[in-house]
Amino acid sequence: MREKGRSFAEALSQAQALGYAEADPTFDVEGIDAAHKLVIMASLAFTMPLAFDKVYTEGISRISSEDIRYADELGYRIKHLGIARRTDHGVELRVHPTLIPQRRLIANVNGVMNAVLVSGDAVGSTLYYGAGAGAEATASAVIADIVDVARTLDVRPDQRVPAAGVALAEQGDTLVLPEEEVVTSYYLRISAHDKPGVMSQVATICSEQGISIEALIQHEPTEGEELVPVVILTSRAREACLREAVAQIESLETVEGDVVRIRVESLG
Amino acid sequence: MREKGRSFAEALSQAQALGYAEADPTFDVEGIDAAHKLVIMASLAFTMPLAFDKVYTEGISRISSEDIRYADELGYRIKHLGIARRTDHGVELRVHPTLIPQRRLIANVNGVMNAVLVSGDAVGSTLYYGAGAGAEATASAVIADIVDVARTLDVRPDQRVPAAGVALAEQGDTLVLPEEEVVTSYYLRISAHDKPGVMSQVATICSEQGISIEALIQHEPTEGEELVPVVILTSRAREACLREAVAQIESLETVEGDVVRIRVESLG
Amino acid sequence: MREKGRSFAEALSQAQALGYAEADPTFDVEGIDAAHKLVIMASLAFTMPLAFDKVYTEGISRISSEDIRYADELGYRIKHLGIARRTDHGVELRVHPTLIPQRRLIANVNGVMNAVLVSGDAVGSTLYYGAGAGAEATASAVIADIVDVARTLDVRPDQRVPAAGVALAEQGDTLVLPEEEVVTSYYLRISAHDKPGVMSQVATICSEQGISIEALIQHEPTEGEELVPVVILTSRAREACLREAVAQIESLETVEGDVVRIRVESLG
Amino acid sequence: MREKGRSFAEALSQAQALGYAEADPTFDVEGIDAAHKLVIMASLAFTMPLAFDKVYTEGISRISSEDIRYADELGYRIKHLGIARRTDHGVELRVHPTLIPQRRLIANVNGVMNAVLVSGDAVGSTLYYGAGAGAEATASAVIADIVDVARTLDVRPDQRVPAAGVALAEQGDTLVLPEEEVVTSYYLRISAHDKPGVMSQVATICSEQGISIEALIQHEPTEGEELVPVVILTSRAREACLREAVAQIESLETVEGDVVRIRVESLG
């Protein structure tokens, strides 16, 4: 979408024609397919059971070309990421559109290509990149899996090391962090009437929820439009605080419609 | 300074070595020389007496390389401009550093070159550009003036049309707008402690003075520095309101030192 | 054309609709209108008679969007310039599309705006910029001329200084340099079959005419096209030598069609 | 070097201080260390014996900041790559500085980070990226190898699948392509006297060796320098032909010193 400036519907129908999209487009668009892959990788990485029903998923259909442009001006790309992260309070499992700094390698993974970024304690960040769809690439992955299985065929079952390193029965339960507890930065886009008071009201609401404003840009209203798009980058904040702040902003008289909100990850 | 990333002192001493700076550097640096030229042009443009003592002048010595960089990121160049503008309430006469959108021709006038931008009612904007200092260019201008005088030598004095089109005696008095009444946009740089509350306090102060915030960027603190530089672009506001807002911001406990403020002109 | 990526025909018909184009479009497109203005300015600058029939004019209708793009990659803009220059061998009078380095102010004069660049011996380069078409701007210029005439109304005719500084009768004849004698750099675009030999043949032809190659870029052939566009920037060369080189290049078996050629001026 | 504009010696001594450089710096600088890794990966990828003594290695000590800049202008980055590629005539094994198009992910791998790009028949290109030096990252890799060994401890030796998929004894001999037979594009930098003839001589030499010139840029001589740096990008050519062409170019009277040559890979 970003490179060709295409609308979402065009981009989707072309992806389907090329055989890259799942038969049920909501699998791609709503992040279901990414969530499937995320729980497998989280299970391997954190030795935890598959927990598909605990993944928070958010689709890309509400991302507008306006947001892609504003994110670009702020130095970010928008990617549909699945994120599994172990924290002191539980494992985060979430799939959603994400602003990533343009200079990160993963921000430059485009088209049919996919990448997995792994952050380990000693090794630091490593990244694995390849075609994420298409007949040949998928067939290649399936054959590779069969080869892996075949290699262990005459190994005695009790000598096989399970994929996660621990037998399933021995895996303890792992707490998945409820989405409201997740802490991230946010991109917010507010449609406001251009009155001096609105910025101060928004800043006060954010401040009361302990959210700091890192950047705020008032863009030109679109031709023939009265409402002013205001874009805000917040500091890291608990999701619950952010939801409360957004609800209060949406109830302001000087603000129209819903606040667009997209999470931001620095992946530093 | 911008192109070579030099400090102010270096740039000044090189300009003096090259013979570009006035003998008394404050003439350039504090805008006195520009004010001299401004009153002559304002007199010709608006048929008003020379009013040097009514020009508001502000020098460039407080512009830091930090401000040049932040302005650049926002799409602006900083130029030391003299501005004479006829408004309904009086003529503005002011010399000060000014943020100008990078895409304007006048934002790309560098080094020893100068330009005069004239906005007429029917002709629109016209611009006159040439060397603004140096022995040869100055000599050329002096000779051109002598040629102009010589051409009128044998014209009968009573037939000469005065430069301003009207005899000095017939020129009425022209109100020069006090600087507090001038309306412009502003670039503000605040050194703040990074607490969620500070943005909301600043936004509230601006709002109470009828000043809208067009953009606000919180930059990374410099290495080993605790204070966060916050850059704000304001809507157009009366100077008196802005001064009041700045005084209140400077008195906040979460803000340290003076607020840097530079006027912004779109020259659209 | 460059900014909107429009074709020549679209750009022309829009300019006509806006009242910017001359009634006879060839006046603009073929540079006739520019030639009219050029001879007036040359007459004032060099105290020479109006010499419209000696102006070399070349239109813009053959400039393709491909050339605009290739010029851009090399750091140039293409502008339709009228050039009058006094040389030791005569005055150059020519109107043609010209590649100008992007960093020059005059390369950034777009749309309906025009600029005149004057290079004097002592003053160096000066530039005069304003709207070059449109009802109001044209009316403003006409009124300004009438005011100038009116100011001299009661001056005794024998005391008037002629515009050129010298009475017409006293103006000597000025040699206009034939176009073949003019020395400039050139942008050449050749459509070649992709064979190793062609570059060496072209380089040998240029070398034999005393023309050095400053840059040579072989671009990708357009989709479904076999011919390779080769773009060359030459050193400064006499027009006659360049014409001979182009004729020989066009006669090569490995080259198809005409060589596109556009003059280059550094305006340094 | 590119990002900080540092000289080679500075960059090396800082890398040593940080513990990133091998004890014997020639291991890094001359590509010995990269060659070690290359033959292991080639052995796994192409089921061939380790063939360290057949690797062509070329160091980075002759890359100048000038070449980094010229490559940048042409849209390339210079990276020290190890390349193993199976061709119809044998396997290429070579380590050398390489120009890579800037838009490739691998061109944006900087600092201590390393990446391996694998092109498979069905899967296409995949890339593996991570820290290539440093105590913790190295320790992590060593531990991972030990874990892998431990996992196979109680597998019966005759049931283990060898790393390359085939027992060493059954591996046939694989022809390593002599460096003279390798076919790549080339970046050449020639120091020439600025005479029209030199370009035609160079183009003729290239043409006689079947080498086509894709781009040729004559740069400005450095201050106080008479020689003109001429940069050439060639089409793909056999190394032997290129060596012959370079020898002939170096023997031209109009050319001084050695021709700098760096291979170019599009990695498309």
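First chain written, first letter: the chains are A, B, C and D, and each begins at residue 1.
The rule we apply is simple: a contact is a pair of C-beta atoms (placed from the backbone, for glycine too) under 8 Å apart; a residue touches a chain by one contact, two chains touch by 3 or more.
These numbers were taken from a predicted model, which means no experiment stands behind them.
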Worksheet entry | Partner chains that subunit A and subunit D have in common | none
Worksheet item: Among the chains, which has its CA centre at the largest distance from subunit D's?
Response: B
Response to the item:
Per the C-alpha centroid definition, the whole-Å distance linking subunit C and subunit D comes out as 46
Discussion item. Please tell me the distance, in whole Å, between the geometric centres of subunit A and subunit C computed from their C-alpha atoms.
Written reply: 53
Worksheet item: Of all residues in subunit A, which are in touch with two or more distinct other chains?
Response: none
Worksheet item: Inside the complex, what are the residues of subunit D that reach subunit C?
Response: 194-197, 199-204, 206-208, 210-218, 235
Item to complete: Report the residues of subunit C in contact with subunit B in the complex, numbered from low to high.
Response: 105, 108-109, 120, 122-131, 136-137, 139-141, 143, 151, 154-155, 159, 161
